[in-house]
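One chain, chain A, appears in both complexes that follow, with chain B as partner in the first and chain C in the second.
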Partner chain A sequence: MSDSIAAAPPRHRPLVGEALAGLLLTVPAGIAYLLMLLLPTAATILLAFTDYELGLPGFAWIGLGNFEELLEDRGFAIAFRNTVIYVGLVAPLSILLGLGAALLIEAGIRGRALFRAVFFLPVVSLTVAMAAAWQYLLHPTIGPLNAFLRTLGMTAPPFWLSSSDWVLLSLSAIGVWENVGYNMVLFLAGLTAIPRELHHAAEVDGARGWLDRFRLVTWPLLGPTTLFVLTITMIRSIRVFDTVAVLTQGGPNKASEVLLHTMYKEGFTFLRLGYSAAITLVFLAMVLGLVWLQTKALDKRVHYG
Partner chain B sequence: MVEGSKRSWLADAPRLLLLAALGLLLLMPYIWMVSASLKPLDELFRASLNLWPERFHAIENYSKVFNQIPVFQYLWNGLVVCAGILFFQLLFAVPAGYALAKLRFPGRDFVFGLVMLGLLVPPHVPALPLYLAFSQAGLLNTYAALILPFTISVFAIFLFRQFFKALPDELVHAARLDGMGEIEIVWRVILPNAWPAATAFAIFSVVAHWNDLFWPLIVIEGQARATPALGVLYFRSDEAGDDFASLMAAAVIMTLPLVLAFLFAQRRFVEGIATTGLKG
Partner chain C sequence: MLRCDNPPPGEGLLRVTGIVIEQATRRFGNVTALDAVSLSVAPGEFVALVGPSGCGKTTLMRVVAGIESADSGRIRIGGRDVTGLRAADRNVAMVFQSYALYPHLTARENIAVPLAMRRLSGWQRFPLLGRFMPGTALRRAAIAADVVQAAGSLGLGELLDRRPAQLSGGQRQRVALARAIVRHPAAFLMDEPLSNLDAALRVQTRREIVEIHRRVGAATLYVTHDQAEALTMADRVAVMQAGRILQVASPEAIYLDPQDLRVATFIGSPRINTLDAIADTAGRVEVSGVPTGLQARPGPLTLALRPEDLRLAPAGLPARVEGLEFLGDSVLMHARHTPSDAALVLRLSPEAPRPEAGEGIHLALDPARALLFDAAGRRVTLLDRIAHAPEWTHV
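Moving on, here comes the complex of A and B:
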């Protein structure tokens, strides 16, 4: 189909065939994009401004009615607050631990593959199954954790997942456990990208000891990686659903209710699709807000290297 | 730091001890899960801190799982769903990624803009209308319902575009001079060169969809099309009750396939997640 001459520069080949092929090759993806992503997302946005309930005939446009109801909804307020707390706990802790693990692994040769595999294991484990394992581990009476605390002399250890004071903390601990390995892998990739000569140069310039080198070389160069890991971890943890759905269903007394679980319940248990769509939009706005913050931070950042 | 290989065991000990302590902490759920799956129930209820069972009850626990739930059906469903999703994702994303990277056609920037826009939308956002559509079409409780929403991965298109952009233009030009059409170029030149990106993406995709609970919970009821994640959930609420021993056995069985795959191809998994993670 191409009648270009070998001598002609590649930029000036006949364009019709290429243009046709370009369109042809993107059409299948385009159709799937339209049907599975663009139209349903647009429909969610429209749905959020209706009072549509599954099983009821017809629906009405109610403008911002759903959002006004959200502002009054105590359950939603709790879910929103819990999600923020969860993200606020899981993101920093799993990033610190992931960075620590990556630095420790990178600092030597011995045990690299072994420890990398161990820390990464939770990422590839079936979340629902591991949630069941955590349920046993944290069980108030027969759980190994409380058995251990009792041998330490604690007479009334917490009820963890069934205590409204501890449930969000317990779920956050599980969230940290799930995310450490993922963040470690991203930090390891960031660390290998730092040229070794820079550490030598810093030493020559009088940077003594590990801490100096970390402060002067590793940390500034890891900046873009850290910002990226922060955003991706926050977006991952804002989506918390599996552990809540399996372990607590938002209880006890809404103490572990989170955004996506509220959205799921309103939509698929109470069948209030319009209201559920409004919650989905709040969730989407939070994700977009995080991405926007990341772009802002990237714009300001001075690039080294 | 650089001389890690030359350091003595003694100098390396603090680092190794710290890593071992952290690693042991992370392994606790696995250790206790396996231990509980080997014990009889009355031993569990005594809540002793012995990992090793006094009386082995493994055969009873594991056979209870196999007798009461269709384990292989769940694993098979998980396999069909993950393979189906991956197949369509690659089928749509590889040509589109190639077109966006190497071809000039009208609307290319617009298409790429749509891809970037799609990257911002989490899969939970289109879920409600998709559920309505599948329910109208009578597609609930089918493989189609589990697979179709994920056939388009804008992330895959983005990943392949970046990857193909780095391939030398001469590769494509040479193929054109040999008289190949664009479709043939995708099939015979681009695809064989896409393996590194495709493996990385495959690992990312399979890990995500094997573990997914949100969507299967919405479109599936009953055992026939349940994925492993749903299977554990059903077993937990219906069969196991307070029988943590067999629940842990079920958890071990369902976790094992992907973990084994990971242990066999560790390096690929870690690299796959690192590449896909950093590009996302």
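Moving on, here comes the complex of A and C:
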């Protein structure tokens, strides 16, 4: 009897080998993650507590000094406020319009591929290049938009990108234009995942109107998609940078200053890397906070497990 | 108390006609899914629509429900012509193969949906605001009472506050059934409701559905690809193939007296045995030169015999045994008809002596139950069933 036990093959052997192979296979990805993500993040966190400036020989640990300065920095306060307004405009509008476009395309019989492509085009086009087109479109004197407004009888159409009243709204409109297509594609994917039988069941159950079926089936079943779209859109719009950098450089008079642009200016124009790192941390905290809030608060309400 | 579950006046009268399908035709491109199908289901009757996948049975059901429209033909439900009406206006309830429960609603809310859609106005159903509309509270209370009653009759009382994801397959199926019966529909449509259940539960639920049907009493059309379901549950079985209904009859008649070779081969497990036969100028039916003792009009024929209608005999159709399957209550013997190489199956009593595999045998048939079909697959009447032999023919 003891013989048979002793003769039993060591079964854990291949498992260890497999685990080792698995570990080895994750090494490249692990190294990339470490070098590209973890180390820079750690470096940024450390930098945020120093007064390091690019080109200066040394640096000093200044504790929370950068953050204290942030609290009193009027420029940062404006950038923060503008970013919140921008996200508050772009996220809901691009989500609603994206959902609307997806519903219309899904309901349509012809031209689905065409409309999908048309709406998705802004997503694949280069924002910097497109910004030039927007600059022309919104130009106060030669721009087609104002030319059109003048033919409607408006004597003094707004200076879209150079008036501090309008510039944030104009940038938000461009932001919406950039995001609608992306959200639409996500919603289209969500819509095709809804079982057709549910729509039929709603129909047989007496949901006559479009709105009834939307409320009974489409909207609840799009819940997980909507949560994802909300998260992605907020993160995408909180990151607004290239349109600001190309079109307004934060002007006029900081009216379109946003977080990332402030960070960029502090870091790469004024070379105050320590201060810039502190702004990056604020940005990171906002993004993480949003993700945490959305998953904690909403995840349970959209997954019906 | 104000209760809305009594049928409106006149409905009893209207119910008399059940479901009537007249010449329904539906094409998808080049494919004719429904080819001038006519079928009626009397009130209180349970008709099973059975056929292989893709035969058009689900399309027919969807046309009756109003989910799909027919290219031509008429549908009448409860005495009303509903051909042009939306599904919502047809007063039919449907149980879907996937149950199609709303995943974000509890069982209670799922069952209440058809009542809320019918008894509450759009404003009364409006989130939050609807609660303050006049009359909402009273109607909501009536709906809640009806839901509890329907759920109770299906043994769902404990599960009402769970969401579909928290229910087992069988429980989901009951919720789907409760949602269908809660509003007392004129017609009850079921699209393969048992196909997602495991085998043991399927047999149990089969009985329960028949029981529910008895209680509800609505005209029921039941789509299935499973002939056992069709034969055990239905008052009448409609066998469908390639967009046409081949035969509508009682389960016994469908099994014992099929009017079409396709019905004979589709119904029955194991499959009915078929042999090429010919009736000579004198009308004697022969299989590969062996006379069968049957008489029919001269011409080529197909002789069809259920496994239990063949038996071992000292003389008759020559065959070779291929194998035996012991089933407990019977033994299936697989054999090959020697001249034509056609596969044959016999059902033997477990006590009977069994030949060995590879052994040559002879088979006799029961002339009273032998079925003959012409070259087009239509049933041929026997001119004289027992011309030569009084009972089993030994040839």
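Here is the rule we use: the second predicted complex is superposed on the first by the 285 of 305 C-alpha atoms of A that agree within 3 Å, B and C clash if a C-alpha of one lies under 4 Å from a C-alpha of the other, contacts with A are read in each partner's own complex, and residues count from 1 in each chain.
By definition in this document, contacts are C-beta pairs under 8 Å (C-beta built on N, C-alpha and C of every residue); 3 or more make two chains touch, one makes a residue touch a chain.
In this text the structure is predicted, and so the values were computed from the model without any measurement.
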Touching partner for A:Asp212 - first (chain B), second (chain C), both, neither: second
First, second, both or neither for A:Thr155, with chain B first and chain C second: neither
Touching partner for A:Ile232 - first (chain B), second (chain C), both, neither: first
Dominant contact partner of chain A by residue count, chain C or chain B: B
Chain B versus chain C as contact partner of A:Phe268, first or second or both or neither: first
Touched partner set for A:Pro195, first chain B, second chain C, both or neither: second
Which superposed partner A:Gly223 touches (first chain B, second chain C, both, neither): second
Chain B/chain C common contact set on chain A: 200
Touching residues on chain A, where the partner in the complex is chain C: 195, 197-198, 200-209, 211-212, 216-217, 220-221, 223, 304-305
Complex interface listing, chain C residues touching chain A: 62, 65-67, 86-90, 92-94, 96-98, 100-105, 113-114, 117-118, 122, 125, 163-165, 179
Touch list for chain B against partner chain A, complex: 1-2, 4-5, 7, 9, 12, 15-16, 18-19, 22-23, 26-30, 32-33, 36, 44-45, 47-49, 88, 91-93, 95-96, 98-100, 103-108, 111, 114, 118, 120-122, 124-133, 148-152, 154, 157, 169, 173, 176-177, 179, 181-183, 186, 207, 210-211, 213-214, 217-218, 228-230, 232-233, 236, 244, 247-248, 250-252, 254-255, 258-259, 261-263, 266-267, 269-270, 273-274, 277-278, 280
Chain B-facing residues of chain A, complex: 1-2, 4, 6, 10, 13, 15, 17-26, 28-30, 32-33, 36-41, 43-44, 47, 54, 97, 100-101, 104-105, 107-111, 113, 115-130, 132-134, 136-137, 139, 141-144, 146-148, 151, 177, 180-182, 185-186, 188-189, 196, 199-200, 210, 213, 228, 232, 235, 239, 241-242, 245-246, 260, 263-264, 267-268, 273, 276-277, 280, 283-284, 287-288, 291
